[in-house]
Amino acid sequence: MRKTGFIVASLAGLLMAGTAFAQTAVKIGVLNDRSGIYADITGEGSAVAAQMAAEDFGTDKGITVEVVSADHQNKPDVGSNIARQWYDTEGVDVIADVPTSSVALAVNDITREKNKIFLNSGAATSDLTGSKCSPNTVHWTYDTWQLAHGTGGAMVAAGGKTWFFLTADYAFGHALERDTSAVVTAAGGEVIGSVKTPFPGTDFSSFLLQAQASGAQVIGLANAGGDTVNSMKQAAEFGITQAGQSIAGLLVFVNDIHALGLDVAQGLVLTETFYWDLNDKTREWSARFEEKTGKKPSMIQAGVYASVLHYLKAVEAVGSKDPEAVMAKMKEMPTDDPLFGQGVVRADGRKTHDAYLFRVKKPADSKGPWDLYETVATIPADKAFRPLADGGCPLVQ
Amino acid sequence: MATQTSSLDLSRSAGVEAPGMPALHMWIFAGLLLFGLVAPYILYPVFVMKVLCFALFACAFNLLLGFGGLLSFGHAAYFGSASYVSAHAAKVWGLTPELAILTGTLAAAGLGLAIGSLAIRRQGIYFAMVTLAFAQMVFFFSIQAPFTGGEDGIQSVPRGHLFGLISMAPDRNLYFFVLAVVFIGLLVIYRIIHSPFGQVLKGIRDNEPRMVSLGYRTRRYKLAVFVLSAALAGVAGATKAIVFQLASLTDVYWTMSGEVVLMTLLGGMGTVFGPILGAAVIVTMQNYLATFGDWVTIGQGIIFVVAVMLFREGIVGVLARIIRRPL
Amino acid sequence: MSGDTILEASGLTKEFKGFVAVANVDLKVRRGSIHALIGPNGAGKTTCFNLLTKFLQPTRGTIRYNGRDITAMQPADIARLGLVRSFQISAVFPKMTALENVRIALQRRRGDSFDFWRSEKVLAAFNDEAAALLEDVGLTEFSATPAGELPYGRKRALEIATTLALDPEMLLLDEPMAGMTQEDIDRISTLIRRIAANRTIFMVEHNLSVVASLSDRITVLARGEVLAEGDYAVVSKDARVIEAYIGSGHG
Amino acid sequence: MFELLGIPPQALFGQLLLGLINGSFYALLSLGLAIIFGLLNIINFTHGAQYMMGAFVAWMLLNYVGIPYWGALFLVPVIVGVTGVVLERLLISRLYHLDHLYGLLLTFGLALIITGVFRNQYGISGLPYAIPGQLSGGQNLGFMFLPNYRGWVVVASLVVCLATWFVIEKTRLGAYLRAATENPTMVGAFGINVPRLITLTYGFGVGLAAFAGVLAAPIYSVNPNMGADVIIVVFAVVVIGGMGSILGSILTGFGLGLVEGLTRVFYPEGSAVVIFVIMAIVLLVKPAGLFGREA
């Protein structure tokens, strides 16, 4: 059973009490979904990741770290309420994670207004480093532009020229479809149709049949969460992949695949920026994470770890937690962590690193419950994310 | 013509009431106002504003349920749509906060008129289901309509300047404006309950066929109270949008409709002050137990069951029975 | 007493799914009379009554009141024409005081008033009149008692006072004596006779002695159809009526 | 090839068939609601949660006890039905003397608790439940590929619906049930234990919901929220149908499934609200519903 409640990690306080260093006490609030659709890919795991970052950073550097966490239930009003209260009355310096674009945008605003720091890992919207970019925000792990380009571009390159979209009928789905269509067309592919599915939906069979009837080579799922899971499940049921069409998941996480099972998910192509089985460092860290949580980390949880670690390094380098100075340092200093390797935080707040195109393994090829992906391609950091000039971020003009 | 009575066991406490405002009620209102005036210096102002908005919402809902005998399971539709409209008015049209709230309220009243005129064709549980279904329609509309911003909602709503003069950015300034709006809203509800119109409503609640036989066109009264309730719920929703600078899908989702029923049931339906207390309890619970995720939902469910099984009069209803005075 | 017809139903029929509750009933109520509708259980009396006041919509047939076709009208509007009904189960407003019960009927004179912004103090203007009506039915001492707490017989009296507050031209009473003690029956009988002085009364009633003593004219209904009509002497000797009552176990 | 409104007729048949499949769930759920409402006069808001429980219990039987789909199909309605009986005895039965709205509020609270507990225990991502081996694969009907399982869903729910209709309308037990709805005292005088009849009826209605849940488990992911959204649609179905008759609720359920299916083809964006729009129209034209009794 999932642990609930505050996680309070008061590290180093007692040990350091007698030393000559000036103490800097940092309070990090992990704000995410602990009960809803993203609880598995963020939730308690992200809080654990933040705490691991504090531990790995070290207790001997004059910085005490306290991690608190709360559930925003994927509701922007709940999230902004907690964020305000954390900043106003509880002395929180940094809010980390925050999946769900709507909540992330709200926290983005509040953080800027209160002049604190926001380390986003969980949200998808590329607006965070585009039109709504903020000098107080770092967007770490992934975004919609990167997903669309990773999956869309690679699929076309692999021969999937004609596309049909199943688009969740709300702003996020529309944006994902629009971005991916642009990529597909630019890469020489063609979008031959799309259908807007009511959100949230349970039965996608009718829309899948329309996609099948269109004869498109690729069916793009411009949806998320339960919609994605249900549409993939039903695609398998109606034998759509067996009949030769490929399915491209535009926002699918490793935990979704784990929950679906390889029988259903096999052959799906998707993009992520982290996978536990990439190299020795990721395997070592993921093993430690699994010991604490019982699950392999998602890329979002990995992003929380890496972003908190980078933040703490910047605080150490600056010698204070002054938000402006720390942000400047975070952008100036190259990042280096075991999970995403080396990278940079750009002026618009975008953290860039490599991304990977994965294909879900066939059940026969899988060696364990979490052996789910094979790597199709690596997309280098400079290609994976939207170019600095294209985002329309006022900070870079 | 359907003649089923909606004889909800409401306001068992509402016994004989002298005309005009009894001294006890006047003192309670004064006490509430006094508490409202000092609260921002003791408590976190944004939190108190949230309580205020929900208190008004619950009282508006109670006007319909407790005094009109109509259980709407879709009141989030009016709360939420007013919140969207006022957020849009403040952000896109640049209206001052008071005008934005007014616009939101009018939108809620209009929606209430449209849905109400259909819903009052059915009674009792059917009425509840119809209002719920229409609210769900409003929810789907809110996801898809371009101006609501889909699931992002309308964010960064400016708090603006009251009457174009006083900046609402500082929490305290905004607080006293919200306090005034909510307090006036509560007084309006009190007056509606104790008006000739309110007397007719109580008659309909107690025995609708009899009112028909006395020549009252009860449907029109039910529609009127439905619209009033929707409009006042709209005031609450519109104000909330200005306070949180955000209008979102949460405000139109059916769980919100359930929450307002819970607040009213817990505080005491058909009482004047119950919903205020119910709202305060539920909002506090949500606020301080937010970390516990699902347990909030489970807790709310348990409160529902316990309230229905053990104290249908609600907290204030029980108090009123003990002191033998209507509250 | 004028002999013209105040309420007339012709060919009145109500079909529910699967059976006919009221079949082709013709009925004429003379102005100023007390007219009773009787019949064994399940005869369709209450259905008929509900049709006349439009609480049920007839399947076929027409209803005319004062020469005007009211078949398509809403029940509230029929009440506004002066044709006011009572209910079998006592229809008071249990949470209001006796005075408020009567007053809410008086308040109707203010028209369709939706003045939610006004204080209910304006209703105090009706208090004296309401008190007078309560006195008429012997309820003065109960005027501040919530109606729900009154004994049964008093509730019926209150109901009549409330109805009278509308000063109706014609009253339709649905079993006014149901469930009453003999003492109550006597009091209400006197009351009915008194108010009938300048009104027409149409009532459904089980208690045949009440019917015998009060009514000018009686219509007997059985299985949804009119069996006989006339004064008590005529009806009580009608062989089919006796048959219908004995057949269903009534005396 | 001729086209109908721009859609090839074959595709249209396919979509109609899919509509019928969804209609199966609506019919089973609204039938259960109608039966419960008929005798208890309570709108069972817990119905959606009990549908979800059906799917979950099937999953548990498979994963904890090893009982496969076919066993679950019979066991789950009984198990969930028994929990319904317990709820009815412990809580719901104490509300019959009150206004029906209290029943609605109570069952709403119960729905919150049940959903919350399952969400807390199993998370929200959904659990996989495989299609039973005998029914995997599908038939190529020429105009569409019909998964065997979906065909089975339509057949199973039709059989259960019609059997229920037969029992209630054509047998002695059903006659008692119908009589008890009209006049419980009289039926009690016949020596029939009316409270037990009521309890069992509630259990049966809940069992129908659980049966629908088992049918749904292999199609949709087994998810704590699966009942919450469908129940509101079913409420609209019930308002449209009017719950006047057993056959009425079955027909309305299937009919609206078809209408929704057609909307998915011609105007997909509107398919989530089409049932609510129909509800508004029905309320205007025939407030008592298509099969509703007057008054």
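Just so it is clear, A, B, C and D label the chains in written order, and each chain counts residues from 1 on its own.
To be clear about the criterion, contacts are C-beta pairs under 8 Å (C-beta built on N, C-alpha and C of every residue); 3 or more make two chains touch, one makes a residue touch a chain.
In this text the structure is predicted, and so the values were computed from the model without any measurement.
Asker: What chains, if any, are shared contacts of chain C and chain D?
Answerer: B
Asker: Tell me which has more C-beta contacts between its two chains, A-B or B-D.
Answerer: So, comparing the two chain pairs, more contacts are at B-D.
Asker: Nearest whole angstrom, what separates the Cα centre of chain A from the Cα centre of chain D?
Answerer: For chain A versus chain D, the centre distance works out to 38 Å.
Asker: From the mean C-alpha coordinate of chain A to that of chain C, what's the distance rounded to whole Å?
Answerer: 73
Asker: Determine the centre-to-centre distance between chain B and chain D, using the mean Cα coordinates as centres, and give it in whole Å.
Answerer: 32
Asker: Would you mind listing the residues of chain C that make contact with two or more other chains?
Answerer: 56-57
Asker: Two or more other chains touching the same residue: where does that happen in chain A?
Answerer: In chain A, the residues touching two or more other chains are 35, 39, 169, 198-199.
Asker: What parts of chain B, by residue number, touch at least two of the other chains?
Answerer: 1, 3, 140, 144, 293-295, 297
Asker: Going by the contact rule at the top, pick out the chain A residues touching chain D in the complex.
Answerer: 1-2, 35-37, 39-40, 169, 195-203, 205-207, 209-210, 212-213, 226, 229-230, 233-234, 237-239, 243, 255-256, 259-261, 263-264
Asker: So in the complex, the part of chain B that touches chain C is made up of which residues?
Answerer: By the definition above, chain B touches chain C via 1, 3, 11-12, 14-16, 19-20, 191-192, 194-200, 202-203, 206-207, 209-218, 220-221, 224, 228.
Asker: Within the complex, which stretch of chain C touches chain B?
Answerer: 53-57, 74-77, 79-80, 84-87, 91-97, 100, 103-105, 107-108, 110, 112-124, 144, 146, 162-163, 166
Asker: Considering the complex alone, what residue numbers of chain B touch chain D?
Answerer: 1-4, 6-9, 71, 73, 118-119, 121-122, 124-126, 128-130, 132-134, 136-137, 140-141, 144, 254, 258, 261, 265, 293-295, 297-298, 300-305, 307-309, 312
Asker: Can you name the residues of chain A that touch chain B in the complex?
Answerer: Those residues of chain A that touch chain B are 4-6, 34-35, 39, 69-73, 75-78, 80-82, 84-85, 88-89, 101-102, 105-106, 109, 125, 169-172, 174, 198-199.
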